[in-house]
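The next part holds the structures, each set out as structure tokens.
Look for chain A in each of the two complexes below; its partner is chain B in the first and chain C in the second.
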Partner chain A sequence: MLAVLVRKDLLIEFRSREILISMITFGAAITLLYAFSFRPSPESMLTFAPGLMWMVFLFVSVLALHRSHSLEKEFDAFSMILSAPVERSVLFISKYLSGFIFLVVAQMVLLPLFFLFLQLPLPANLAQMVAVFLLVDLGISAAGSLLSGIVMRVRVNEMLLPLMLFPMVTPLLISAVKSTASIMDSQPFNQWKLWFQLILSFVIVFSLIGYLIYDYVSEE
Partner chain B sequence: MESFHSRQSSKVMAGILAVFWVVVLYLVLNVTRIDPDQQMAQKIFYYHVPSAWVAGLGYLVVMFAGVLYLTKKDEKWDHLGLAAAELGTLFCALVLITGPIWAKPIWGAPWSWEPRLTTVLIMFLIYIGYFMVRNFGDEGERTRRISAVLGIAAFFNVPIIYVSVKFWAADAQLHPQPAMSQQSPDVFWTFMLSLLVFTLLFVHLLRFRVHILKLRSIVLGMRYDV
Partner chain C sequence: MLSIKNINKQFGHRPVLRDVSLEIGDGELLGLVGPNGSGKSTLLRIVVRVVSCDGGSISWNGNSILNAGADQRRPLLYLGHEPGFYPPLSAAENLLLIAKLYGLEPSPADVEKNLSEVGLDPARSGPIREFSRGMLQRLALAKTLTIPWELLLLDEPTTGLDKQGKSMLSQLIETWRKDDRSLLLVSHDEEWLSSHCDRMVQLSNGRIQRSEVDGEKSVQTELVGEA
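And then the complex of A and B:
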């Protein structure tokens, strides 16, 4: 059932392409603004790049996360899904996974652009970078899917999601920025292990909370 | 329904609070020793720390009320949760106001990206979002449910926020560390009394607010009946 739900989200996106295209365009636009407003010299850029990078991804993720639930409002699709014989927590995981996939795909396009525009050197340890990125994406998607389910229930929900999401994910953002900076600085894993553990605990806490209480969010 | 302030228990509580509030003020200003380094600025500690404690207590109540509401579906738990969230945020604001007043003369700057301050600020922002959900949502059961979920999620985020901010600004660890056992008895007992008064104040205001929310829901119920 999970696969069917995720497939449904991906199929809608594959046909309309509205989430990914807006994510990528928006992300590229912010990156461009960064490049113009900071006039990067490679040395100074290295200090700010991890923070700027994650801010781009956080802004961009809001688009996907918001859309993931708001499209269910069209033609009252959500009630239909709820009437299907499927556990609500599975529904949460499906939103969680599709949000994660969108975020990863958008990053695959945006990250090279970011390195190119801001003239950054590629990090030596790409595997670590990928691991951190995937994990942080899981975290953003876990907290975001839960909050997006919550704000879907409220009238003025477009602006509410970022308002709720940004303070909620601050620990994740701090850890993501710190670990990315350490990887780009080629520091050994031991030096930034703590940040990795924090990302991990955020992912676990929010996946569990979402899994356990999405039931109450989705109930009609 | 009997008015809140005419209840025997409310009168007693209000009386105790009025007396002990003055007692604490007297003790703080006239009895406790003056800190040799910080002089009078240190006195705000008797109000700042209890505010922080009550803010934390408020958010703890929000979490428990959320769990109880989701399991029992009784409206009274929602009232308790909302009242506690409001009070928690009020005291959070007090912490954020009293902190900089103290920090300006002692640290030389009103704000520092110090773990406790930052955690309180983030919690404050999260709860502003909580109230927006409550305001933009309808009066119905659904808004109460998602608020409960939000209260629970926000609470479990606190330790992660605290640890992450702590290590993020490891050079900004200026906040005085708790070392109450080393304090002299006058400081210790005045502080404890202040803590007690703040906790009682919290309980009193909480009961008052829950009472009002209950009246409100009765009135709203009447409106829908007509």
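And then the complex of A and C:
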């Protein structure tokens, strides 16, 4: 059932191309704005870049999370899914996974642009960078999918989602920025292990919360 | 048999359903009428757990539907006021997807046959976003032919249907009647509803006001005085 639901989200995106195109266009626009707005020295850019990078990805992720749920509302397909014999926890995981996939695909396009336009050196340890990015994406998608499910039936949900999501993911974002900065600065893992553990804890906690309570939050 | 007992529902401080109890027997066609905002659609949505309720119980053949696993909803099929499809997908893709949600794997030929039966062109591969309201309603009816169900909950099924569509729906209902299937129908068109249903129940202000059998007021509930 999980595969059916994830495939459905991907097929809808393949047909409509609404989510990824808006994510990539918006992300590229902000990256270009950053690149042309200020020109600090390469050293100070290394200090600012991780923060700017994660701000871009957080803004971009809101587009995916909001659109993915608003599509469910368009012809009230969400009611059809809720009334079908589908466990709501599985529904949460499907939204969580498809949100994660959209974010990863958008990052695959936006990250090279970010490094290119901000003239950043590639990190020495790419494997660590990929691991941190994948984990943080899981965290954003878990918290975002849960919140989208909660606010999707509210009239001003497009406004409410970022208002609730940004404070909620602040610990994750700080940890992501610190970890990314440490990797770009080639610091050993032991020095930023705590931030990595915080990211991991966030992912586990929000995945579990979403899995357990989506049944209740998805009903009107 | 569907048994609804003492269902209550409030949206904010506004009570929508107050102590609603209802039973639908096997093979019974029950019509639910009432003015706008009387709680008809909400009751249907509570039965299939799209909307939560504040109290009461609902069971199908003795098995509780509320607070139970998703499998308990398998015998029920709900066609809401909105079509319940994904606009970027084609009619066939939507039907296939819904079938898969019910654990079915119908062949493309089966899906095409069901689409033809409700008067839709199975060769049309464009997104259903381009469909008219009537075509969406016909597609919703194709669900009833694709998914095996024991109780069908229909909310305003005549909306958008032309004369031909209404006649097709009437024929389908008569087939279901012959097959002893249970139906809960909600419509504003009381005349159309009474021509198809075995029993009519009126909801007003969230309470059951009257119940009729075959058009005659043979059962009268004692809740008329409540505002």
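Before moving on, here are some points about what is shown:
Throughout what follows, the second predicted complex is superposed on the first by the 218 of 220 C-alpha atoms of A that agree within 3 Å, B and C clash if a C-alpha of one lies under 4 Å from a C-alpha of the other, contacts with A are read in each partner's own complex, and residues count from 1 in each chain.
Definition applied: a residue touches a chain if its C-beta (ideal position, glycine included) is under 8 Å from a C-beta of that chain, and two chains touch if they have at least 3 such contacts.
Computed from a predicted model, the values in this text were never measured in an experiment.
Looking at the shared chain after the overlay, A:Phe206 reaches chain B, while chain C stays out of its contact range.
Shared-chain residue A:Met1: touches chain C; no touch with chain B. In the superposition on chain A, A:Ala77 makes contact with chain C only, while chain B stays out of contact range. Of the two partner chains placed around the shared chain by superposition, neither chain B nor chain C is touched by A:Leu116. When both complexes are overlaid on chain A, the residue A:Glu219 reaches chain B and chain C alike. In the overlay built on the shared chain, the residue A:Leu32 is in contact with neither chain B nor chain C.
In the superposition on chain A, A:Arg88 contacts chain C only, with no contact to chain B.
When the two structures are aligned on the shared chain, A:Leu160 is found in touch with chain B, with no touch to chain C. Among chain B and chain C, the chain that touches a larger number of residues in chain A is B. When the shared chain is aligned, chain B comes close enough to touch A:Leu146, but chain C does not. Chain A residues in contact with chain B (one complex) as well as with chain C (other complex) are 216, 219-220.
Contact residues on chain A toward chain C in their complex (touch as defined above): 1, 4, 8, 11-12, 15-16, 71, 74-77, 79-88, 216, 219-220. The touching residues of chain C, when paired with chain A in their complex, are 45, 48-52, 69-74, 76-78, 80-89, 93, 97-98, 100-103, 127-128, 136. Only residues 143, 146-147, 150-151, 153-157, 160, 163-164, 166-168, 170-172, 174-175, 178, 194-195, 198, 201-202, 205-206, 209, 213, 216-217, 219-220 of chain A touch chain B when the two sit together in their complex. Interface residues of chain B, counted against chain A in their complex, comprise 70, 122, 125-126, 128-129, 132-133, 136-138, 142-143, 145-146, 148-150, 152-154, 156-157, 160-161, 163-165, 167-168.
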